[in-house]
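Shared chain: subunit A. Partners: subunit B in the first complex, subunit C in the second.
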Partner chain A sequence: MKRTVGALLRKEMLVELRTLESVPGMSLFSLTTFVVFHFALNRNSIDGDLAAGILWVTLLFAAMLGINRLFVADSEEGALDGFLLAPVDRSALLAAKVLALLSYLVVLELVAVPAFALLLLGPSLDPGLGGLVAVLALGDIGVAVVGTLISALTVRTRARDLLGPLLTLPLLVPVVIAGARASSPLLALHASGTPSGRWLLTLALYDLLFGLIAYALFDFLVED
Partner chain B sequence: MRALELEELARNHGERRVLSGVSLTLEAGETLVVFGPNGAGKTTLLRVLATLLRPHGGSVRVLGCGLPQEGWAVRGRVGMLAHEPMLYRELSARENLLYHARLHGLARARVVELLERVGMSDRADEPLRTLSRGMVQRVAIARAVLHDPELLLLDEPYAHLDPAARELVDPLLCAGAPTRAGGRRTRVISSHDPTGGLQEADLVLGLRAGRVAVLRERAAVRSSELVELYR
Partner chain C sequence: MDWKGLATPRVLAVATAVVMAAALTLVFFYAPLEAEQGFLQKIFYVHVPLAIVSLCGFIAGGILAIAHLRTGDSRWDVRSYVAIHMSLIFGLATLITGSIWAKGSWGHWWVWNEPTLVSFLIVFLLYATYQPLRFAIEDPERQARYASVFAITAGAFVPMNFIAVRLSSAYVHPRVLGATGNLPGPMELTFVISLAAIALLYATLYSLELHTKHARAQLRALRRRVDERTDVPERASARSAAPSLPLPPRTVGTITSMSGRPRAGREA
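On to the complex of A and B.
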């Protein structure tokens, strides 16, 4: 299983490095959105709930770009069939796609969070940075698992660009709510430095629940 | 050993029945050639045998395993060459074959050997999207036989190949050769060439609108009968 996940992940990274279709688009989208918010809000700085909301909604929509493209290379030229013919556990594909999407999200956040702090955030990010990393990590796992599941579901449909967001966004509302609530105290004027435990637990439970659902369903989604 | 045992195989696409009442047996090491006009169900039959599509009726045994229940035991023993190359356009021939070799637990040396045998060593590191269709077909053939499968499913295998390339890949696609698993290689070939296809066959299957129109040993089939299928 480890060998198969490694082979799949390596292939994912190679394809992304060659095409540069997901990560640059996601990063540019987040930067553009922050600039738009900067001018639309007509405020020099934001903090607390508003800052957390804008950060999470922007990251979610940027993630949608990556989710929509997650299986595109596999659906072209029958490449997914090549994997389905191999004598390997199909869950390896789920694991590799989740890990690939997670790595895209990490790169996205390495670009987006500093840009957010520079363009919009009033208070310094330093006191709450450790907590924010933990909240983002838990949120990313949820986004990656649900995104992979929906992407696998819609890849064989013609309207995947439409169906993907329509199915993914409602499922990810709990991640945005919990992520924003957990991040809010970290982005407040007098940041506490620790995220809310209740919302962190909510994110962890969400990740676990959808991880199990994805594991149970994935085989059926990629098979005939 | 029987490589294929089909009994009243049926398969639908939505409401439409694309395969119906297909029954046949094929011994290991033999070649079944499937003829029929576009939409006759040839590709669907191959995809069912490859475990990529579930049968919707009848019973299917491939290499002694019942489908779809024992599909996991068949994968890895079957190699398929389809209309689509089942490769990544952005990756090179070498990267694509190494990816499949890792999935099948094969050594790197096997990839190098096959690139050589399909005459792609010189251009093995160029992205597939920059190669001609014939070259991609050669890489797809290398992918299909990479793991030395006991059953080869070939959907118009010589499409896009010039005579020299055909000569190059022919030894890789031959039937009856001993496999590493100890059996003899069996083939199912979909063809539109009544004369050439017939020469390859031990058993001939002619499909029309998903139903069996011809099912006989090669010696009992005239190529004019097959031409008739397309009218």
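On to the complex of A and C.
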């Protein structure tokens, strides 16, 4: 299982490095969105609730770009059929895809969060940085798990570009609620260093619940 | 599961009519006027049961979908579809009645600090994609399987979402009417009867739609046999988001042999 996941993950990384299909697009999208928000809000610097909301909405929409493309190449170029012929556990594909999407999100945030601090955020990021990393990490796991499940669900439908976000956004509302509420005190003018445990717990619970659901249901999505 | 003898649509319809009449009588002539909201509060006896029944229907859709994935029997998928379909209709009614109540008591058509209503909107928006999802998958077997995966995921999402939204509202309205635990006796009785009436209405509509689906499957089978005998090329059936029951195995026979055949889809 571990070796299968490793091999699949290596393949994902190799494909992404060679084609550069997802990550650069996602990062660029987040930068553009910050610029759009600057003009749309007519604000030079933001903090607190507003900052947390903009950061999470931007990351979520950027993630959507990656989620929509996650299984497209596999489905169109026949990699999925090849995988199904191999005598390996199908959950390995789920694990590899979740890890791949998770790494895309981490790279995205390595670009987007500093850019956000530079372009839009009023108060300094330093005091709340550790807490923000924790919140983002827990949020990313949820986004990656749900994104992978929905991506597998919609990849072989017509109008998948439409259905993907329509299904993913409501499912991710709890992540946005918990993520934005947890990061808003970290981005406030007089930032407190630690996010509230209640929201971290909600995020962890969400990750656990949807992790189990994805594990239970993924096999049915790659049956044929 | 053979509920047919027990709960045909006709029996259910009569029961619904009786209980609904009782519930309305109680609502208007027995339940006392609420001190703060007066007559407006009566919408509570419609709105809250609608919401409860609709959410239970969504979760039932998920449970029926589990049965479908476990057995691979497409009849479970049809049941799951019908449950979610009915819940969507009830859900729309919940949102409308909730909106009216909010306008009446708080002066706005929509209030964001009423966590239950907000959660309900999110759940409704999620389930609103159920039919587009089905519609976008052409292979019927895969459509059924993917729809079940969606129904289970969404079913598990319902409680999770309610927890998250409830946590998010630091300021919760004084919920005099939200919780049934602290209702005075006559109000509680009225509420329970109203809940039963709405649940029966749901069951009636659910079984009516299932019966329609069976009838349609039988009609399709009969029509195909007629077409076979008259050498009409097979009709292309219109693509639909709604699942249909499987046709009985294709046999070349005479019309007279049909009377002895078991009728398709009688079991459910």
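Points worth noting:
What we mean here is this: the second predicted complex is superposed on the first by the 224 of 224 C-alpha atoms of A that agree within 3 Å, B and C clash if a C-alpha of one lies under 4 Å from a C-alpha of the other, contacts with A are read in each partner's own complex, and residues count from 1 in each chain.
Assume a residue touches a chain if its C-beta (ideal position, glycine included) is under 8 Å from a C-beta of that chain, and two chains touch if they have at least 3 such contacts.
Source: prediction; values computed, not measured.
In the superposed model, A:224 lies in contact with both subunit B and subunit C. Once the two complexes are overlaid on the shared chain, A:40 sits clear of subunit B and of subunit C alike. The wider contact with subunit A, measured as residues touched, comes from C rather than the other of subunit B and subunit C.
Legend: residue contacts after superposition of the two complexes on their common chain; A:156 is shown touching subunit C, with no touch to subunit B.
In the superposed model, A:178 lies in contact with subunit C only, and not with subunit B. In the superposed model, A:20 makes contact with neither subunit B nor subunit C.
Touching of subunit A by both subunit B and subunit C, each in its own complex, is seen for residues 223-224. Subunit A contributes residues 149, 153-154, 156-160, 162-163, 166-167, 170-171, 173-174, 177-178, 181, 198-199, 202, 205-206, 209-210, 213, 216-217, 220-221, 223-224 to its touches with subunit C in the complex.
Within the complex, the subunit C residues that touch subunit A are 69, 122-123, 125-126, 129, 132-133, 136-138, 142, 145-146, 148-150, 152-154, 156-157, 160-161, 163-165, 167-168. Against subunit A, in their complex, subunit B makes its touches with residues 50-54, 72, 75-80, 82-91, 95, 99-100, 102-105, 127, 143. Listing the residues of subunit A that touch subunit B in their complex gives 3-4, 6-7, 10-11, 14-15, 18-19, 73, 76-79, 81-88, 223-224.
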